[in-house]
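First comes the structure, then the notes that go with it.
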Amino acid sequence: MTYQEILANARTCVGPYCKACPTCNGMACKNTVPGPGAKGIGTGFIRNYQKWQELCVNMDTICENKPVDTTFSLFGQTFALPVFAAPVGAMQLHYGDKYDDLTYNDILVSACAEAGIAAFTGDGTNPAVVEAAVKAIAKNHGHGVPTIKPWDVDTIRGKMDLVKTADPFAIAMDIDAAGLPFLKNLTPPAGSKTVEELRQIADAAGKPFILKGIMTVRGAKKALEAGAAGIVVSNHGGRVLDQCPATAEVLPEIADAVGGKMAILVDGGIRTGMDVFKALALGADGVLIGRPFVTMVYGGGAEGVQVYVDKLKAELADTMAMCGAHSLADIDRSMIFSK
Amino acid sequence: MTYQEILANARTCVGPYCKACPTCNGMACKNTVPGPGAKGIGTGFIRNYQKWQELCVNMDTICENKPVDTTFSLFGQTFALPVFAAPVGAMQLHYGDKYDDLTYNDILVSACAEAGIAAFTGDGTNPAVVEAAVKAIAKNHGHGVPTIKPWDVDTIRGKMDLVKTADPFAIAMDIDAAGLPFLKNLTPPAGSKTVEELRQIADAAGKPFILKGIMTVRGAKKALEAGAAGIVVSNHGGRVLDQCPATAEVLPEIADAVGGKMAILVDGGIRTGMDVFKALALGADGVLIGRPFVTMVYGGGAEGVQVYVDKLKAELADTMAMCGAHSLADIDRSMIFSK
Amino acid sequence: MTYQEILANARTCVGPYCKACPTCNGMACKNTVPGPGAKGIGTGFIRNYQKWQELCVNMDTICENKPVDTTFSLFGQTFALPVFAAPVGAMQLHYGDKYDDLTYNDILVSACAEAGIAAFTGDGTNPAVVEAAVKAIAKNHGHGVPTIKPWDVDTIRGKMDLVKTADPFAIAMDIDAAGLPFLKNLTPPAGSKTVEELRQIADAAGKPFILKGIMTVRGAKKALEAGAAGIVVSNHGGRVLDQCPATAEVLPEIADAVGGKMAILVDGGIRTGMDVFKALALGADGVLIGRPFVTMVYGGGAEGVQVYVDKLKAELADTMAMCGAHSLADIDRSMIFSK
Amino acid sequence: MTYQEILANARTCVGPYCKACPTCNGMACKNTVPGPGAKGIGTGFIRNYQKWQELCVNMDTICENKPVDTTFSLFGQTFALPVFAAPVGAMQLHYGDKYDDLTYNDILVSACAEAGIAAFTGDGTNPAVVEAAVKAIAKNHGHGVPTIKPWDVDTIRGKMDLVKTADPFAIAMDIDAAGLPFLKNLTPPAGSKTVEELRQIADAAGKPFILKGIMTVRGAKKALEAGAAGIVVSNHGGRVLDQCPATAEVLPEIADAVGGKMAILVDGGIRTGMDVFKALALGADGVLIGRPFVTMVYGGGAEGVQVYVDKLKAELADTMAMCGAHSLADIDRSMIFSK
């Protein structure tokens, strides 16, 4: 199947909220929650997408003609390209009955490992979700990143003990999930954590710990202080707070502040290898992509994941070649056009 | 009733000018006067709304997890949140026959007091309007702000004597009402006032005196010099002069000039608790909201007011929690994204 | 008749190019030449209009309450407001058969004089146009500004001798007319003039000489050097060269360079008294308005002119009052909002 | 035939991708490849066009009234105006069956030479294309610029030997063609070249060597270092890499860096003589125009080329006259409006 065929096929089984649009940009699903849209007036998702498009790249083909290498290393692991599948949850609520979280993660984790990348898995009120994710990651030799919600610290410790049984190469927590409805008003309370609490959690992880949901330099420095091995610059795709800046807007300053001291990943509106190139040029080490992997799995299962990863890799390699970058390390901010 | 139900209900009884739109942004009613629109080409209202939307907030959930407190204090009074209902007049002319100014104010003042906030009441050529507002405020133990038009000074003194019988916690004057048709060409003339005249009026008020309709640093300084206890940064919702800047555009500079020396309130296009958060982050102490309270009262009476205040409070609290602010005092300009 | 009625009436007799739009902004007639549109892709007219709209004014009603005075003085003459009717020619070609240039100017000059302002009259290949304009201006005691095309210097001298018989208070030349088709390739050549040639022409005028069609500081300085008593910052309504900046964009810098040394008038997209206020705030002494006077004359004859002048004056006075300006001299750049 | 008639005629025989639009701006053919569109999301072509339109020119007609001269000299040749026809290839694939590359180049080279300009010819996998181009250029006494793809160096040497037989006044290579599908994955590899390789190629050319596809200052300096006599600031009309800046955006900085040291040509979205004027004002010596020559040849053959060149020359001369430039050397950056 081609990418277009998989997308067309997805249109027959996702929904009714997601339209599996030719370009996944937040327009058609604006503020549809449940569904893939964003919170409030719904412009968070759209802005994430749009700000990548506003960036232009500096073409320069006067350079040595040799193959480009998209190989990416993180925490001792090597990946085919600097892309991860982002954690997505409550599949049936948001994307339709075809897959529950357990089946979705099972397909996604294996397909990503097979395609040379890795998937982040989600978390939910149903403990079975993480249990199944752990099985999928274990089955794929730790090639997956279990992502735990910011429950109370005791609950988190329990979840940490569980996910470590899969020997994942990293463990993540989406600290911004405090804005999701199902995490509000729990007893004991879920949500925000202090630096001290995060340090305890990072210690409990016993693996490189990634903090997802950082949108400010101050937040990034607190994550570093808490001992996180990496962050995901993310506004949760616009789903936890309306009217955040786009991640492309805050990434450069954050990269300037903590780059080199911890891994910097970014998500939000990244759709093509060109977008991946831009994220790296602005200072990210790698990216997470969410919604497109959903439509690929709904429309093509494991094959959909492979086709999309191949597409991303080809686009990234083409952009690198046209801008004179032969390895990811060659990509820097001078390759972005500044007015 | 839910907020959406009240809005739907309002559509059956406001009008023909107001459409009780899903988002009250000045588009559908552009330049409809009579009606809720703005003067001239009608972009003043639209710009007010739009400029709040262009601001982005800085999410940061690495902080202590404790309840947020939206409690607001002004002139010795305590309110549930930093929001007031703005003065609106000529209800039948602009919003339809269901309510005259007397009935509208009677419902609004009591419902606001009940919901933990307070209403500003309007003024008009009919003396009964202020008389009824005085009764409503007195009945609610002074929880309301009578707002007097800028008549000639003698007329104002008379009105001041009347409104003080309600023992309101503050008295206001909308100095920019000079641009309203019914105030033009009166004998003796109404409209603009010198600093010296305003000082006499503030003295006559004998209560914290709030000057509404300030759009420049120079104007704010004159209000301070005149002895005003507070100002409302306001362009009268675009209804007194076409093509003013939005209040969100002039607020920061005004706050920098007179903040801390007098109370700074702001109105114009504020619709959600997110907007309230942004106003406070730019330097306001509190906000006034006008047209949405009209649709709430038309669609749901006192219940409409309560539902809308609850909605505002929840949105404000959610935004505060997601930006790491636990009290209004924690909200500052660093929480607004600057490019 | 009201302004709206006159406009409606104009729709029955101008055309087919001009639509007598509710707002005369260059959209409906974009690049219709013949017709009221602009040259090339036709955005010159639109941009002229749009740039005035983008400016915001600073409302401030804390000031003395006294009547505003819109009286304007230029070259020893006093006018009711700082507005002139701009020269328009080839009426039948561009606006339809109802009026030829002779009849149009005859109505316009008298009606403007009657309304307390003055009209600039046009020039054309037919010598009768200027001859008739001279008669109209003479009949109105010199209250009109004959505007001569930039023919060869000898032809201009002849025209100057003719127009001086009307004893006009000023004489103008639209130096940018070089871009009009009918002035190209004449023998002897018409068009551009050197400073030295312009000095001879200004001398020949023997009246305050106004150079129309200045768009740069350099051009304004050359006009001053040539002995012009005034300039009109103008791009000929977009009709002589495509893709000029709007006059509102170049006015401030020109006013800073030559203001106080010569009269600065401006035209292009000015429609309302609010626009007139903005032009003066940016440094103009007065303005010219073209196309709207055409629709007023087509739709209402002399009455149309009076109604439009009354409308402009009321709008200007209202804006002045709301910004705290009591005379034209009070209007300055601090009354324009700067971001 | 008029320009409009030729365009109308082209609509009957180009296609189905090209619509021979009234304005060739990349909107109707967005991302149609095959076809005249651009790569990826297709905004490269659109942005190229749009950025010229955003520039405004400074009108100034106070100057000597004498004819303007558009004569252009390059590498010892004299042309009627500073415009070349850009190389276009794979005509049948992109523009329809009417012409193959051989016939198209044959018509274009002769018609351009006849009209006083010169055409760049393209290259392709079929060796007959360059062979035929060589014949056409030889027939026109070297008035044409053969453009060679960046094959491997040995292949290029062979092509150079061939094209030199036509004694062209210059030889070009489109170094950015690396991004075209048919040049990928060849053995030996085509595409990027080092400065050292380019120096060998320039030497092999034995004629002024023009490097096409430069988008950065760094690239321009490398071209200079490699001994190129000129560059074409170009992003290949958006066809080799998505989301490049427009050429109008990068031209000024490149001109500042290497202007005067080598010839600077530019292409991308240039359609009118006004656009040519702007390109020269930003620092270019001359321009290339691509797609419009295709529609002219399809719609009018050699006559189409003559009509379009006449149109460009008249527009350029008109703009020069209105901005006070009498020769190409008079055009400078002060003639572009800067905000």
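Things worth noting here:
First chain written, first letter: the chains are A, B, C and D, and each begins at residue 1.
Methods note: contacts are C-beta pairs under 8 Å (C-beta built on N, C-alpha and C of every residue); 3 or more make two chains touch, one makes a residue touch a chain.
Here the structure is a predicted model, which is why all the values come from computation and not from measurement.
Annotation, chain A versus chain B: rotation angle of 90 degrees from the Cα superposition, expressed as a multiple of 5. Taking shared numbers over all numbers used, the chain C to chain D interface scores under half, which places it in the different class. Chain A and chain D have Cα centroids separated by 42 Å.
For the pair chain A and chain C, the distance between C-alpha centroids works out to 60 Å. Among the residues of chain B, none is found touching two or more other chains. Taken as a contact graph, with one node per protein chain and an edge wherever two chains touch, the assembly forms a single closed ring in which every chain touches exactly two others. Across the complex, chain A is touched by residues 23, 53, 55-65, 272, 274, 318-319, 321-324, 337, 339 of chain B.
For chain A in complex with chain B, the residues that touch the partner chain are 40-41, 43, 150, 175-176, 178-179, 189-195, 198, 211, 213, 215-216, 218-219, 222-223, 226, 235, 240-245, 249-250.
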